[in-house]
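Just so it is clear, A, B and C label the chains in written order, and each chain counts residues from 1 on its own.
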Amino acid sequence: MSGTFVGMPAFPKAAHEAVGNTTLRANLRHATHTIRDKRAKAVAELDDWALLREAGKQIKDHTLRHLDTYLVQLEETVTAAGGTVHWATDADEANRIVTHLVKETGECEVVKVKSMATQEIGLNEALEEAGIAAYETDLAELIVQLGHDRPSHILVPAIHRNRGEIRDIFTKEMGEWGRPAPEGLTDTPAELAEAARLHLREKFLRAKVGISGANFMVAETGTLVVVESEGNGRMCLTLPETLISVVGIEKIVPTWRDLEIFLQTLPRSSTAERMNPYTSMWTGTTDTDGPRAFHLVLIDNGRTDTLADEVGRQALRCIRCSACLNVCPVYERAGGHAYGSVYPGPIGAILSPQLRGTTSEIDASLPYASSLCGACYEVCPVAIDIPEVLVHLREKVADQGGPGHRLERAAIKAAGWILDHPGALAAGERVASRTRKLHPKKLPGPGAGQWTNSRDLPQMPAEPFRDWWKKNRT
Amino acid sequence: MSSPTPPSSRERILARVREALTDAPETPEPTRDYLPTHTIDDAATVLDLLHENLADYRAFVHRVADDELPSFIGTLLAENGVRTVAVPPGLSARWLAASEVEQLLDEGAPGGAVLTPYDLDAIDAVVTSCALAIAETGTIVLDGGPGQGRRALTLVPDLHICVVRTRDQVVASVPQSLPRLDPGRPLTWISGPSATSDIELDRVEGVHGPRTLHVVLLCP
Amino acid sequence: MRVALFATCVNDAVYPSTAIATVRLLERLGVQVDFPAAQTCCGQPQFNTGYRRDTEPLVRRMGRAFEGYDYVVTPSGSCAAMVRDNYPRIAAKGTDPRLTQVADSLVPRMYELTEFLVDVLKVTDVGAYFPHTVTYHPSCHGLRMLGLGDRPTQLLKAVRGLELIELPGAEECCGFGGTFAVKNADVSAAMGEDKVRNARSTGADVLCGADNSCLMHIDGVMRRQDAPQRALHLAEILASTEEEPWS
């Protein structure tokens, strides 16, 4: 089974290893740069992109503001269409509900559509403990699962793997799980995709229970929407007799019409396509088509805590497109695993500390895992101001104290006093200028040492500007 | 006397949502000043765009006159080596009249013929109509209506031939498509054959869904 | 027109040449510029590190220092963006009404240097002479928060003798990011090294920017690598003339 993120080191430490891994750096650079340019072209095709972005933002804000109303409405419409709605306050409860539902069918295996929510709650591990095998069917998830690995990207969880590594994983592991990889498998993407098709086909055909997430839930109609590319989603949503969808409470949109925005912005932001190959929409159950039983498990798992934060709640607008990951210079170099969560990259840096709190070392370090360059905000199709939320969360982390922050606070206070006394500041500047010949190129200790490991310090000037001004202009 | 039951998770979540929103400011009505379409309102232009975008995502696109449709489908099936075809209920018998293939009807409904997933896996192709096609995104939408069948039919066989009636089934944009679709029906939006970007974020066609998609634009 | 220079703390202490160049440039264009000595720091390092309350005295100080001027001009995109984007946030979160007064009063008067030149003075040819090859790095806050667009390159293209070479990956962050440079030093350095690799690939004599904090980081990497290039602030290029060339 896949690894988990429990006990992750803080971001800088995890990133240190990633930065030194040249294969990983090359894989991430190649993949993110490929998609970056394509996204820009796909977005440029729509003259009204800024307006779609603004409308998407407003609809999500409006939904969140009235989330209780829309949740109740969704429950009514799904139930009226033949579905059953379950509510789970946290991961454990959601896992108990799903495990119970699977056991009631008498089955001991399930096929899964790629789902962030089920990864977030650790559903596969919970099912395994209950003796139920959960087969991931998305190609990238399959690569992660077969490789006993952890996901490192929202859309492409195996982005850290190149084609050669994928070939090796398939050749070595597929036989352990079912149909082995074809003899003489090469590393061409088409052959690798074909190997996955053959391997998973037998699992799809015999599947009795499918588990999914959803990209959108329409309160007005009770419709769920899954956006995908490969057809594994359609297989899992269509062939089994029982379908269980685990979805975060924030995935609601109020009306059918609202989809007209997100079905334009999501594919272009995500895979840089005008439209993804397959989108499935279903409302409860249908007598002659698809699963006979449909269960919707709505999960909170920290979302209401996030909703309570007036700055941080905008993170709940996220439609999981992963555009922010693909443009992020920090993600590109640190890799997804360093974020210690199923949600990596800029969105992960604001989502994980809100969903999980900031008590752990990794969660307290995530708000600092950004240079605040703003590229993420620029591409976000629902205009989440990620830098704003990062700085807001830094304040929370600084306020709670903890390792490093007490010293830092003392330094900030001291600097604050100097900066509020220009005379003292000028005196300090003059000392720095007069002793400049004595300044070494490398400095020890925290802060200065981190700087001078890879960069020279600037040479101090002969005098500060304010002294020049005094001499020359007054 | 019974002890008071603890609040359900449903009640707890709803209460937590309401508490979280206590001081939240009211939000304005969303503005919808984005464009209803990006394409000029001209049937020929819209059809050309549909053709171009379907082809761009590796669907094979054909423009066929109505009276030539049976022979066209017959030739297409023969060229692809198709021996068995899944037939959805309500498909015009005329469409397959010139095809020399074994036709397997799937009525979907209990009491009628129902093909199992294994049956479908052994079938070479499926021929369907559609509910709608969207030009700007190169999308065909199936809603299980006459000639379309249940969703598994267009999923498991490896070759899908979909006939679009250009006279009244083509819209320009996503905003124009939704009012014409019934959310109560199971809907499948198809934009090209199945594909993946999971290997190095580069697009490869052909994974679990039909690896070959032929779209026949039926011209009056 | 009363114009104040907001030199910024980094330029005051470490890069006085940039502030001096800004003064000379503005004076050459006929602007009488003042340097209110009460100014220190806009509070950006504190705010971006999570110490919002510690920025409040600095916000009030900025308000007092620049009271009465029509324009406040600064050769730093990130400091201008700090005032414009974050002062209203600090005011909204804080309890002191004075913070709101400062934000309301200062935000519309705060101009980054290239904005002031192009939008207010309406010049792109400032009469500069700089006989070198130059590549331009648009710092993130100027690029994305202020939306400086092509103002800096318009100015550079009008400089006599200057050959502008496009920087590959120009819009990618250099990796400075304030305390990010030390809190996440490995990633920061990796970004800086990639930026310098791109800069060196242009073969330009000078990498030009409009934010000295980024340039301190980039130039630090360049000097560590003994690169033949140097990082230089745009103001120093624009201040350079045949009579008084940059040295």
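Just so we're on the same page, a residue touches a chain if its C-beta (ideal position, glycine included) is under 8 Å from a C-beta of that chain, and two chains touch if they have at least 3 such contacts.
All figures in this text were calculated on a predicted structure; none of them were measured in a lab.
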{"item": "Chain located farthest away, centre of chain A as origin (C-alpha)", "value": "C"}
{"item": "Interface ranked first by C-beta contact pairs", "value": "A-B"}
{"item": "Chain centre separation (chain A, chain B; CA means) in Å", "value": "29"}
{"item": "Averaged-CA centre spacing for the pair chain C and chain B, given as whole angstrom", "value": "53"}
{"item": "Rounded Å distance between chain A and chain C, as computed from the means of their C-alpha atoms", "value": "33"}
{"item": "Residues on chain A engaged by chain C in the complex (per definition of touch)", "value": "11-12, 15-16, 19-20, 25, 329-330, 333-334, 367-375, 377-378, 388, 391, 393-399, 408-409, 412-413, 415-416, 419-420, 422, 425, 429, 432, 446-448, 450-451, 453-458, 460-461, 463-466, 468-469, 473"}
{"item": "In the complex, chain A residues that touch chain B", "value": "27, 30-32, 34-35, 45-48, 51-52, 54-55, 58-59, 61-62, 65, 67-68, 71-72, 75, 81, 87-89, 93, 137-140, 143, 155-156, 158-159, 162-163, 166, 189-190, 192-194, 196-197, 200-201, 204-206, 218, 221, 223, 229-232, 234-235, 237-239, 249, 256-257, 259-261, 263-264, 267, 271, 273-283, 286-290, 298, 300, 304-305, 307-308, 310, 313, 326"}
{"item": "Chain A contact footprint on chain C (complex, rising order)", "value": "7, 9, 11-17, 19-20, 23, 35, 37-41, 43, 46-52, 54, 57-58, 61, 89, 140-141, 144-145, 171-173, 175-193, 216-217, 219-221, 223-224"}
{"item": "Partner chain A, residues of chain B touching it in the complex", "value": "8-10, 12-14, 16-21, 23-24, 26-35, 38, 53, 57, 108-110, 117-118, 121, 134, 136-139, 144, 150-152, 155-156, 174-175, 177-179, 183-204, 206-210"}
